[in-house]
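Below you'll find the structures, each written out as structure tokens.
Below, chain A partners chain B and then partners chain C, in two separate complexes.
Moving on, here comes the complex of A and B:
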């Protein structure tokens, strides 16, 4: 089977399956402003900031490639702006159900050995963590 | 009969056949388990199992034989299963395919696996997967990719079994277990099933408890089985399902006898064919297979109805906001303090950052970054809130069509299995694997993939049946009608 068929036929995105998704650049250059005003691209400074928020160390040489990969994905995601969502409630659950409540009682516990068994460092059933207060 | 022949015959039994043979005392759970331990150990080249638990399997099989002797057989008594790496198993490493959880030994059991053991099933070991279930080819696993037992004709290349439940699909297709647990957030049960000529079902969201499942995107994650036949999936799913007060999204609905729906007539049923799933540039073989599936269901007495799901094309971009957003929140717990990998650092912040940088793979880091970005101040409304609204539009499309049809028929995947390395450079081309399956996750609907034929290269292709919420029974009925008509009997040639 020709999984690369779409590509040969020059479909928009190099997806290999030729689904009609314009390349991210098509979104980035289009003149028509999306309904919700958004800058659908990130720069290196934003990537550094997001990495910090996510507590992920990122090497200097990895910042720009990450910016490019994320911009590719964000550009593709931008098509959501075409959808009319006026008056639509955000969906947070698939099957409508009421939040179950239970008695506020202790149902488990008293197992400090089990709780700390997987800790990278522990001592006398306490987690040993790096110094927090200088 | 010599032992070798007997062992092969044992492996040829389906899960349903094995249950009957066990109950009729034609075979013992111990014999069956030994045959699978041998197959598992002989199949290491596929890298499907990350941890083998033969001693535990023998012990469980012995207990099964004792229960069978007393006539106290459970629903899956004596059936050897493989368990995806993200189901916590007490005393057995559970690493979700990640370096950050390497060596993590849960002190508790997931509800789904507990349900399986309570039904008498036997654990053979843990199965490889994409890291934190983020991937469609098993290539993001920290423990190496899994090989598909299937290869294109005349090729000695290694093909992906799909993902993220790649180890599960490979182990079932390679006859290294009778069934395996999987989990499906965007297609991670149905896509690997399609790539390996096996059956996989994702039930309605909330049917299976998520307690003890390593979380990826909690509003989408749902467990389900991968097996050889539709009936086998029905039997296994029944044992996995059920209300659990440890998961607040677990449904209280009764679990029907799913196996009773297999083989039921579909005469007079209305089957919808969503026109938006016929995509430009779709490989001709997928088109042909789909048309064939339509013809099969027509022959079985179903009425075919053209329907429209207008928001289909927005499902994947919508998913790639919601899933990373939930993942960035769920994966915040991996900080190197209470469990898992811990890296060195000069300050506490550096310890966190280095731990997560070294412990997570590239795809996981990418998704955590996207999730953090779309949830960050100033972008939440534009990305996340908007995606939740689009999600409702997608769900409403289904509500509308299910007023007039009983189930939908679509292809499972836009292509057959591809070779390892072929798509790993471009994230979006990898994401497109889930184009036909992801809608079922966003709307919470049950979906099954049934093997329906081979492509020109001799690789399996699957068809998907989507049903109404909580109507797995219709999904099983239509799925087994497809299975009967397709008569899929091809097997991968053993090269491993």
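Moving on, here comes the complex of A and C:
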């Protein structure tokens, strides 16, 4: 994922995550610069935890730079706190539509070979994965 | 609700009595043809990955479209639980990694479930009842199945169940004993079966429960709870709770602390054990699923569904008691399954309802249960049972002979009247014939006659002998009257 410019800057990241964010001010005109203090932030421990939850390997030396980058993004997002949203319903989608519904009819399935075709390993139409120890 | 258990439900530990507090999350599979978000079939017993679309396999770029029937069944179930239906609900992603969860997240409803608060009445075995609050019902996807015993070094994954629609029904922590928890699940199962929204088959995993258990000193603050995952029978629910409550009490009495964690019930040992490390266990990082728009329901559609609801067990029970004069217990047994009540009502037409209920419950259901069956497998139709009860009513056969007729009904296709005719089971009410039998017995046993004259309670011996002599066909009351008269007692 990359946001706008600044891709070259992070291209060499060995972790391969490639979240490259310009400093918050880059998106703003002078008059829009943040007026509120930056209260939302993460620390190195949180970065390690989120990486673990997302199953993303991250090298020790990359943790702190990542923390700073994310704090940059969070600081930028923090500006939203300036907007008064009292009494406004949270928007989960910007499409003025509701969900379409499908009839309860079987239209798919019956193709186990196709389903497992891209699996690194399969056997008798099962996916085969390294032993899961519960 | 902060009710305290009845005294009898408390568990005695070394430091006094403890109260167990139980809440349940019941997963009920929607009885649909296709999956919640794909057109792949729902079914038991298909070959590996036969019932899988690219959506269920989590292939990139595939988009979910919700099944209208599944939505309708969730609404229907909500109405059956006397719960609030939310006209607007949303779907969220519950993120975790497991090989049988190909998307890397489960689509569920976290923030805005389709059904909100409700309440149901639950009956205990002894006929007393209690109320359990329903916190919510939401729609979500089932995961696939991991098979660990096909290869010592690998796990095999079958995604046939992946994406099947589940209704997760979450109760309030209103239960105070293992038996009450099982009674709640039983009632829930009865309700979804009446509604036809889930087949309630726990053996096939179509209904299963996550059990939340904590213990506390009676009336004290709630303790830390443990969640026992995927318990799939009533007796396992009872055993798992009893074991878990004891385990927690022991830890607390030894001065320890309960860790909030997910545990597994081991069917073989009857014990629970830690499933996941508590670290990160519930860190699912829910967020709104960007692939799914909010689900908006028209109030008119909800009302239409409401109109199609069948008579539910509580209403049916009340009606059976009022219309047929049945006891709460009998009515309760009959409404456990809609088919039982239907059978009873078909048989009771124009007959002595109490007699029909007795024969249905004690003899028919008793016999069926012994063979692992229920009313749907009854070899005796309602009409044939009613035919037999008609013969009892008009005095053609005694209740005792009826037991024999019942055996013939069970084993043959004949009507009760045909059986009575064929086997000569008609009750002898002809007093002349009975008198003759009494005289013969008395003549053969003069000593007993003398004894019975002095001790009238010995008259019963003669009744037994006469019944035996007449092959049980004599009317017992007539036999008794004649013997009393002849003995002059």
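One rule holds for everything that comes next: the second predicted complex is superposed on the first by the 92 of 134 C-alpha atoms of A that agree within 3 Å, B and C clash if a C-alpha of one lies under 4 Å from a C-alpha of the other, contacts with A are read in each partner's own complex, and residues count from 1 in each chain.
FYI, a contact is a pair of C-beta atoms (placed from the backbone, for glycine too) under 8 Å apart; a residue touches a chain by one contact, two chains touch by 3 or more.
Given the structure is predicted, the values throughout are model-derived calculations rather than measurements.
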item: Contacts of A:53 with chain B and chain C, given as first, second, both or neither; value: both
item: Chain B versus chain C as contact partner of A:127, first or second or both or neither; value: both
item: Chain A residues touched by each partner, larger count belonging to chain B or chain C; value: B
item: Touching partner for A:103 - first (chain B), second (chain C), both, neither; value: second
item: Partner chain in contact with A:93 - chain B first, chain C second, else both or neither; value: both
item: Common interface residues of chain A - those touching chain B in one complex and chain C in the other; value: 52-53, 55, 92-93, 95, 97, 99-100, 102, 111, 115-116, 121, 127, 129-132
item: Sites on chain C touched by chain A in the complex; value: 32-34, 38-41, 47-55, 57, 65-71, 90, 95, 97-99, 146-148, 150-159, 264, 275, 280, 283, 285, 288, 290, 292-296
item: Chain C-touching residues of chain A, taken from the complex the two chains share; value: 49, 52-53, 55, 92-93, 95, 97-112, 115-116, 121, 123-132, 134
item: Complex contact set, residues of chain B against chain A; value: 103-105, 107, 204-206, 219, 245, 248-249, 251, 279-283, 285, 311, 313-314, 317-318, 320-321, 328, 332, 335-342, 345, 347-354, 356-357, 360, 365-366, 368-370, 372-373, 376, 379, 381-383, 385-393, 395, 414-416, 418, 422-423, 426-429, 432, 435, 443-445, 455-457, 459, 469-470
item: In the complex, chain A residues that touch chain B; value: 1-3, 5-6, 9, 11, 13-21, 36-38, 42, 46-47, 50-58, 66, 69-70, 72-74, 76-83, 85, 88-95, 97, 99-100, 102, 111, 114-121, 127, 129-132
